[in-house]
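The following pair of complexes shares a single chain, chain A, combined with chain B in the former and chain C in the latter.
This part shows the complex of A and B:
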């Protein structure tokens, strides 16, 4: 069992490494992608600086907390899109029958399918995330917690995406739901907790778990809370397991296709 | 011992029906209609160790579906499959270590990497120790003659070179069964011949069982000793190549150059294929009339030149396809 896990990790790292090598073939595009993503993210912060010059407290957050929120949102987005880029195209992969290649290999189909490509611009998001943490105030504890929440958050985002994408095994087109959920997560992730109330708030801690991905980390980093940290880890584990379960259940309904090209 | 055992295998696809136009689309949202397509119906067959078997049929006959069920890609609805005594449904990964697959229309290689790096990657996928991978790569590089381009990125290779690399990639882990789905599609005759020789050598040297689908009669004729023909999801023929060639249709083609014209109209067991004055091409049904008889009809003294041949395999196969359609 341990050997199986070790070999799986080895092949996953190799796969990501090869995908990264492919992206680096074109040096200029690769670097501009990263730099422009950082600049793009930075531009959003300007509007917050303007807002905070008018009001000291927005939705329960001060400017430092908004910076932290941006940091965690960028890091989770960056990690999930860099390492699991193909998870966000999983619907298409399923509908077009592109899982064949992975099904004839003695490794986990889901992991193989989502780690076969990387998104270079997401490196910009990750760097930006840590720049924000640096501005917020860096310490070893902050750094470790920030990284932990980054990993948890990115796994949650990826799992939710996989779960919705796996619906493609049952209904032809689930990519629309996936896109909507992802866009909602990205859009909401950078607004303070306090501006959402009622039903929206419930949604943010369930189907669109921005609450767990972004708000809990901000809370814990502002004032450490072991329970919230544990809840975050627990939710991550549960969602990851659930995503594997649903994907594997759907895989039995996989219908393949005769379209060409498996890896681009 | 049978290496592949298929027993009463069935697979049905559910396809949504849609009437034409936007109106049809709206209708299908409110009240969707489905049609069941039975891709594979209750088929059974066995393949023995070391065989090279041709699994052929017209487009849409269920070949790919069957191959995909055998390799664990698709989940069958009914029936049993045992490949090397492993059920692909239950132990997909275990089976994957033992089989190799080449799909001529799909690529499994990383196109930006060199064949060498790709082989290393496949070695890792099958958990083969580094030193062993090196040894295998060296062995196959010689066998498949790829020294020239082993360090050129795959995207810069020609189709023939790429297919050779695809085959090597699927052989790195020394599979006991190799599934080849149209491996020679789109290749020129020289490369085709090359690939066929390699497949044959593989079969001889490593005793690999080979399960081949192809539309290329040359592939089938030159490689396989046994043929399974599938049409409309059922096995219509499972026989040795020889039987198929010489007994299935009991027909011979006689081409003769004559001194004088002969009239063979209305002769039983003889069909005139071409009659151009002194050049005659006829088909003799040996069930109804022996070849000797047919030659007597032509009058041996009258014959300048004669050529008696079998019906081309291609015709035999397309006849089987057509007959089954009716």
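This part shows the complex of A and C:
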């Protein structure tokens, strides 16, 4: 069992490594993508400077906490889109019968299917995340917690995407649901939870778990709370397991489309 | 001109087949509008309070107009398509056709977004009314002039986007330039009116494309005056010429160096 896991990890690392090497063939484009993604994210600081000139406290957050919120959002987005880029195209992979190529290989289908490609610009998101942490105030404890929440958040985002994408095994057009959930998670992630009320707030801690991915880390980094940290880790583990369970259940319904493609 | 109108019409007919797709794409715009509604409701503790000359209803209508103008253009797909045309060499097929590539791209894209724009305008009005319970105070002539200003804003945006896509002639992947362009328009033109920025920056923004592409039509919808309209209209005509000239400049420079291998 341990050997199987070890082999799977080795293969996954190699797959990501080769995908990265492919992207690095054109170094100028690779570096431009990263640098411009950092600038792209930084442009939103203007929005918050303007908003904080109107009110000193927005939704219970001061400007430093919004910077931290941006940091967490960028890191989780960056990690999930760099390592699991193909999870965000999983609906299309299932609908077009492109899973065949992974089914014939003696490794986990889901892990293979989501780690065959990387998004270079997501490196810019990760770097931007740590720049935001640096501006907020870096210490060893903050760095470790920030990284831990980044990993948990990215796994949650990826798991939610896999769960909704797996609906493609049962329904056509489920890519629309995946797209909407992802848009909601990305767009809401950088706004303080205090501006949302009622049902929206409940949704943010359940179906669209922006609360667990983004708001809990900000709370814990501002004032350490072991229970919230454990909740975040527990939710991550549960969602990862659930994503494998639902994908594997759906996989039994999968039928090939006889599409001839080569694995990248 | 006739051929460009024909291209425009064919694209409209094609896009009528995809109304459901257009409706579902509005979800993204709706999410952003929902976030801004919550944000502005939080900031305006009293809806009648004026912040930088705007009350809450005006701010929400402003964001609705700028969001509809921005998202209905589908600039990212356009920039990607042009960039791909350049990189793949497809652009060469257009060289021997009896039309100008910029004119073709503009009329084809305007055609392809017309149905979407119409649906977005209707949905934008419905969302605005549901959120706020009232419409801006405009007569029929004002509405026609606001629409004219909106169409000019969209045309300028399309031309700037084409020129960014064409930059692939010079740098292989122009998408990073597009990200920066889109975020600057979003932050400086879509989210806030120019009056929200520091006094030092306002004159610069008033002379920037943001005034013509985003601020202008939205300002007219919430506070229409003929003086404002004439200022915005003049700025839009100037930027239309600048954007078109920029497209032609990049295109001519790029085509000179074009190498197509096989096909």
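By definition in this document, the second predicted complex is superposed on the first by the 260 of 264 C-alpha atoms of A that agree within 3 Å, B and C clash if a C-alpha of one lies under 4 Å from a C-alpha of the other, contacts with A are read in each partner's own complex, and residues count from 1 in each chain.
Please note the rule applied: contacts are C-beta pairs under 8 Å (C-beta built on N, C-alpha and C of every residue); 3 or more make two chains touch, one makes a residue touch a chain.
From a predicted model like this one, the values you see are computed outputs, not experimental measurements.
Student: After superposition on the shared chain, which partner residues are touched by A:172: those of chain B (first), chain C (second), both, or neither?
Tutor: A:172: touches chain B, not chain C.
Student: Looking at A:253 after the superposition, I want to know if it touches chain B, chain C, both of them or none. Which is it: first, second, both, neither?
Tutor: Once the two structures are laid over each other on A, A:253 reaches chain B alone.
Student: Which partner does A:18 contact after superposing on A: first (chain B), second (chain C), both, neither?
Tutor: In the superposition, A:18 contacts chain B only.
Student: Given the touch rule stated above, what does A:7 touch, chain B (first), chain C (second), both, or neither?
Tutor: In the superposition, A:7 contacts chain B only.
Student: Scan A:107 for contacts with chain B and chain C and give back first, second, both or neither.
Tutor: first
Student: Touch check for A:44: first (chain B), second (chain C), both, or neither?
Tutor: So A:44 only meets chain C here.
Student: For A:206, decide between first (touching chain B), second (touching chain C), both and neither.
Tutor: neither
Student: Does chain B (first) or chain C (second) touch A:55, or do both, or does neither?
Tutor: Once the two structures are laid over each other on A, A:55 reaches chain C alone.
Student: Quick check on my understanding: which residues of chain A belong to both its chain B contact set and its chain C contact set?
Tutor: On chain A, no residue contacts both chain B in one structure and chain C in the other.
Student: Okay, in this complex, where on chain A does chain C touch?
Tutor: Touching chain C from chain A are residues 26, 28-29, 32-33, 35-37, 39-40, 43-44, 46-47, 50-51, 54-55, 58-59, 121, 176, 179-180, 183-184, 187-188, 191, 194-197, 200.
Student: Touching chain B in the complex: which residues of chain A?
Tutor: My answer: residues 3, 7, 10-11, 14-15, 18, 21-22, 25, 99-101, 103-107, 172, 251-256, 258, 260-263.
Student: Residues of chain B touching chain A in their complex?
Tutor: Listed in rising order, the residues of chain B that touch chain A are 13, 16, 64, 68, 71-75, 92-94, 96-97, 99, 101, 103, 105-113, 117, 121, 124-127.
Student: What part of chain C is in contact with chain A in the complex they form?
Tutor: My answer: residues 24, 27-28, 31-32, 35, 38-39, 41-43, 51, 171-173, 175-177, 179-180, 183-184, 186-188, 191-192, 196-197.
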